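Next, two complexes with chain A in common: one pairs it with chain B, the other with chain C.
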Partner chain A sequence: MRNSIALKNAFITKILRTGWGSSATLAVLSMIVSLLALCLCSYFAGASPLQVMVALFEGALRGRYALTTTLSEWVAMTLCGLAVLIPYRAGFFNVGGQGQLEVGAVAAAAVALSLNAPRPLVIMLALAAAVAAGLLAVSVPLILRLRRGASEVTTTIMMNFACIQFMYAMVTGPLKDARSWYGTTPPVPQAYQLPSFPPGSGIPAGMWVAALIALAAAWLMNSTVFGLYLRAVGSNRPAAVAAGIPVNRVLTGAVLMGAALAGLAGGLQLLGYTFRVAEGWSKSWGLVGIPIALLGGNPLGVLVVGFLFAILETGARSMQALTGAPAALIYLFQGLPVIIYLGLRASAWYSRWSQAAG
Partner chain B sequence: MNTRADDDVRQPYAVKMQGICKSFGPVRALQDVALRLECGEIRALVGENGAGKTTLMNILYGMYKPDRGRIWVWGEEVGRDWSPGQAIARGIGMIHQHFSLIPAHTVLENVVMPRLTWGKVLPRWHEHRRALEELAAQYGFSLRLDSLVESLSVGEQQQVEILKLLYQGARLLILDEPTAVLTPQQIDALLQLLLVIKSQGYTVVLITHKLSEAMAVSDSITVLRGGRLVATLPREGTTAQEVAKLMVNRELVVSGTAATERPQQECVLEVRDLVVEHENGKRSVDGVSLTVRAGEIVGIAGVAGNGQSELAEALVGIRRATSGSILINGADVTDRSVRSRKRAGMGYICEDRHLNGMFPDMSVAHNLVMEHVDLPPFSSYGLLRHRRIQEAAREAIEAYDIRTPGPEVPMGNLSGGNQQKVVLARALATKPRILVACEPTRGLDLAATAYVRRKLAGCAAEGIGVLLISSELEELLELSHRILVMFRGRIVGEVRREDFDVERIGLLMTGQAPAEAGGGGDGDAVG
Partner chain C sequence: MEGQWWAEFLSAVLRAATPLVFCALGVLVCERAGILNIGVEGSMLLGALAAVLAAVYSGNPWMGVVAALGVGMLGGMILALLTVYLPADQVATGIAFNLVCLGVTSFVYKLLVLGGVQLMAPALRAVRAPGGPVSLLDLATAVTPLTWIALLLVVLIWIFLFRTGPGLLWRSMGESARAAHAAGLDVHKVRTVAAVVGGLLSALGGAALTLGWVPTFTDNMTMGRGFIALAAVYFGRWHPGLALLACLLFGAGEALAFRAQALGAGLNPYYYLMLPYVVTLVAVGATGRAIGPRDAGKPYPRG
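Here is the complex of A and B:
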């Protein structure tokens, strides 16, 4: 027993020494292991693993409609991943992405459905409203954290419930489509929907926005004083205080940025993908943002992992249709790699720690 | 199975420990310690921080396993599976510095709880209450059994802890620094209580670094120093001076080629009547005044926990001062932020670099520039200038001989000594006028320690004022022009280099102020 633990530690230490212990390697490793687990599960569900993989990726990438859907999913996955990642790097675990996204979409819908103005103006205003709503949704947890030291994990989770109930109240009340028998807003008029770019290509304009934002976030993290401070606050907050870094300002900036992106994701999905806010309109983008951020590790990583998650989300349906493997297996993939990744990283830390101590 | 110690059959003893060794990693906390406690005595266990007092008692109580050594309790040797549970069953009780009471429960519930077992669904509270009332009356406890513990004063909570041990049937009570949190009146009450307990035939071990308490109640005094047992003396016929001399290392000599430069007249740090209060109203810094001149190293001596850390944090701006003022170079910075004080010329080496001195997963280069990265040449318009940062990092790595594969390596990968060099390089990179250095050599090996000390002396030679807070007397003697001694948040004495006297400093540190001490300390304010 002891021997095997020592052996395992030696193995991990070796990996660490050769530079293979970086977060990126562990993330890729855990995703590969998870895909293998997916294959295994589909085998037990009576489908051929090879066929399942083929159906999954074909269903997500083959054909214009599938590709458009995947890219649209990618928009939300990337932005929600960044909404978790940026505050997380400053030491604030924003679990409230889902709620921020929902109220963002409601705010965008309210603007797009009530204004009558040129298309670019309406779209800009709707997205601005989405951002503002996201900021509003995070303000309560943020203030509680800064003033009272309340754990943001608890408060942002609770805010999710409040935000989702607010969304229900809006779509069954003031914003309800009078012709509909269930709670939904009217569709956003075609004139105010986000076009694809280049026109007619089927590539959602939101994808370019999300990609640009991810690149900007990478630049912010690596090349600005603010980004350096942000990582310092997340790395060791007391040390940041002692170094004279304005910790609360940095934290506030990071959290507001994250929430703004989650709100923006809601607005973009409304204007470019779903066109309505309704009961159960949204996938759990805001929550999936958490594994995407943890596995991605940095803004560019979020872009990559977000794409993989988008493929799985879109491909799940054709996988079920073509092979009979239940689509719910995909949700296994949303959780499993994170657990494997955290496990690997913890043991890597442990071996480093025990090395340092011994 | 249990062997009787043959030479002790005639004389009863409470505890005998032989050849106890204990290491924590590379630190040898206890080396070959032998201790014998007689039945019915009060034994004071004294020594500086890190002398091994608490470790020794934790071993007796079963919290730690000794690496080597044997223990006999009431004449029987204990097994390898010695644990707190067994210790309690054999009548040993220990009160740690931090109480283990449940604040929302009553005194009765707290005291009875350890005796309850899972099988007892309905405890017989009335029987417990009657027994406890008897016990409390016997020892003169003034506790109401139905009070909630959270409503009690710290002194009363301590009485609850003692009552709990007595009710568990402890015959040997170990108290770890019991007076650290008490007011003088509460201390007197506690010491009286210990005498009463002793008169009933109990054995008491009092871990303390305050000699006045040890002298007041104990029957004998055991002195530990650096993990070794130095001596056990009967209290009768021993003076506090003698014990203090044993506590501090007599080998220490005022060597110091280090602090030869004469300090200049210019005053770089001035502190007036500084008070730092905790939320609970306890004053950790209680009216401290001091000055540091350019090129002067002022040492702050004292047993840890007498307000030194809080003083440093208040100076740097991490902790708010309740009252008083702080002047850097004559400019009042009392209400200014950490950053603003750094700009005004404050440098800081924190007490625990892992806690608040470094960003372990960030690169050495970023760690080196963190405090002034927002200034040119490291950034312009909020954008980092990576090349300048790398250049500066390479220079610092060269100048301070930091052993690292490169500036991009995460700081957490360096050895402790090299990490401390990074911390030092960062603090000095901003060209401070005053450097507040807290325990700058703690946990470093000999070479790194020597390096840091040389560097501090070099700072003074360049005209930087240094406030050196250290629990290593040797370090203070080597480097300081003057040493101020802190005790209970006050400066109780000042010793100049020409009359450094280990014995006197030791007495001041343990609260045994000699007659002429009052005049020396410029912070010994009245009230």
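Here is the complex of A and C:
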């Protein structure tokens, strides 16, 4: 008994000592405050805050269809969160997740719609194409950063829009479904869609992939030399150079890893969830990955925050239908916690508090 | 017929470029003082909504412009508080600010148009409709006054930044906040002013979008125009005149996209919309080191 308490205490101190204990507290705090703000806004919209909350969470978690949707959203949110988080550790702010996701999905669609081969092979090739497209989309900002010193923030934003317009051009052009009156690809044939796993459970196979990747990322970032290098490069580049760390190679590795995950997210969502790429087919998963990564702070945190964001994304529709509070409020929730979190973190109050704490 | 087409095309270019010019100036002024104004998209949305609402309820489009200036200032102050005074990471704050603005504007608009009827704002009118034989005078009178204000601001901001003493000090903040501080300047004060001016100009860009072009509001109606302005500043090497040229070029891309089908060119219109970004990326890649003001984006701690 005493032993287990000691173990528990050791565990808690370990969490506190790793430093994310306090940031995680702040993140939770800011998300709670934002949820309260959401309630306040829905009150102004003439809906009862309690009903709004109930509708939001019931709409996302109750019933098989809702749950499947939420889990499918979670896949993209987790992967896009990681696509921001990993490069961010190395000091590269990958704002281009959205574009990488879009071209990833387009590439996967091109493969899945043109090949005629056994199912596993097509799925593998489509996902590989998605990853390759994501890598291609990030290569321009990466090269410009390494060779020209151009800030990756603006270049990835520009790549985002270029990729989105490219996706539009594809779905209204070469990949267009001839029977449709608007820009969309034909649906991926049933034979090449990602099955749910375990079969018939409604749990998207992509969820297992995303969860495994998040765990692998946690291991990579916390328990490997590469993870140490990553933090060294991100937190103090000159010191990393002086310590003989191959700075640019580490940065490149992290950025490519992130973009590959964003591209993979596009492929997984196409094959397992939306089944077609169309005008406005994707939610702003890539963009929302940024708040998720900032609030999550580490791969496991991304998993948790991603789930909350997925719930809100799915629940928003039933919230609007049942209570009349506009679904657009969800954008408010996606941005507000980050502002509160960053504001609190940067404030003098926080630095004094964290100094006193540890 | 040919002349008519050109007149319409050129006035369409100016119309599309006007919001971009305001926003690009907002970004440029901020970056020159060391603030990476990613929140430009959000400020633009705020300005667009405020302009529509004020113009509808007062019946006077100029009240819309005033309202846009008001909310732009407010947004700029919030950004200044977060990125200058605390100071939090500018890029992350800007992106979150954009999301919040998207939520707030969509929410407020839905609240105010409960019946689902689109609010149509009284638009700022051009002196005369485009058409007829082409002369410079025709073109000048076929655009809204906001276009003229935008062009005037380009000149004024160029003079301020590059031909006056305070402008030199302003730019020094962007190059090295520490050196500016050591020289006895109040970095935080100037950056606060910059953020507020940036918010004002971006919101004005939003007002130009609604009052000068599409006289109503829809969710996320800016559709990344703030980021096109950001690209224009990059393309224009942080110089007001060149940024104006970039805005005109990008405006032409947008105007061409609308006319692509009419032209009968087999090219998908979306390729024209891709143009600004691709051109900017190529320009960044092809020409030397694309480094703007050195300290742009770096928070300067207080203490």
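FYI, the second predicted complex is superposed on the first by the 326 of 358 C-alpha atoms of A that agree within 3 Å, B and C clash if a C-alpha of one lies under 4 Å from a C-alpha of the other, contacts with A are read in each partner's own complex, and residues count from 1 in each chain.
The criterion applied here is as follows: a contact is a pair of C-beta atoms (placed from the backbone, for glycine too) under 8 Å apart; a residue touches a chain by one contact, two chains touch by 3 or more.
Worth saying up front: this structure is predicted, and the values here are computed from it rather than measured.
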First, second, both or neither for A:Ala133, with chain B first and chain C second: neither
Which of chain B and chain C A:Leu342 touches, first, second, both or neither: second
Chain B versus chain C as contact partner of A:Thr154, first or second or both or neither: second
Which superposed partner A:Ala232 touches (first chain B, second chain C, both, neither): first
Touched partner set for A:Val188, first chain B, second chain C, both or neither: neither
More chain A residues in contact - chain B or chain C: C
Partner chain(s) touched by A:Gly173 [first = chain B, second = chain C, both, neither]: second
Partner chain(s) touched by A:Leu82 [first = chain B, second = chain C, both, neither]: neither
Which of chain B and chain C A:Ser223 touches, first, second, both or neither: first
Shared chain A contacts, counted only where both chain B and chain C touch the same residue: none
Interfacial residue positions of chain C with respect to chain A in the complex: 36, 38, 82, 86-89, 91-93, 95-104, 106-107, 110-111, 219, 224, 227-228, 230-231, 234, 268, 270-271, 273-274, 276-278, 280-281, 284-285, 288-292, 297, 299
Of chain A, residues touching chain C in the complex: 41, 44-45, 93, 95, 140, 143-144, 147-151, 153-155, 157-162, 165-166, 168-169, 172-173, 287, 290-291, 294, 326, 328-336, 338-339, 342-343, 345-347
In the complex, chain B residues that touch chain A: 25, 316-318, 337-342, 348, 350, 355-362, 366, 370-371, 373-374, 379, 382-384, 386
Touching residues on chain A, where the partner in the complex is chain B: 222-228, 231-232, 235-236, 238-246, 357-358
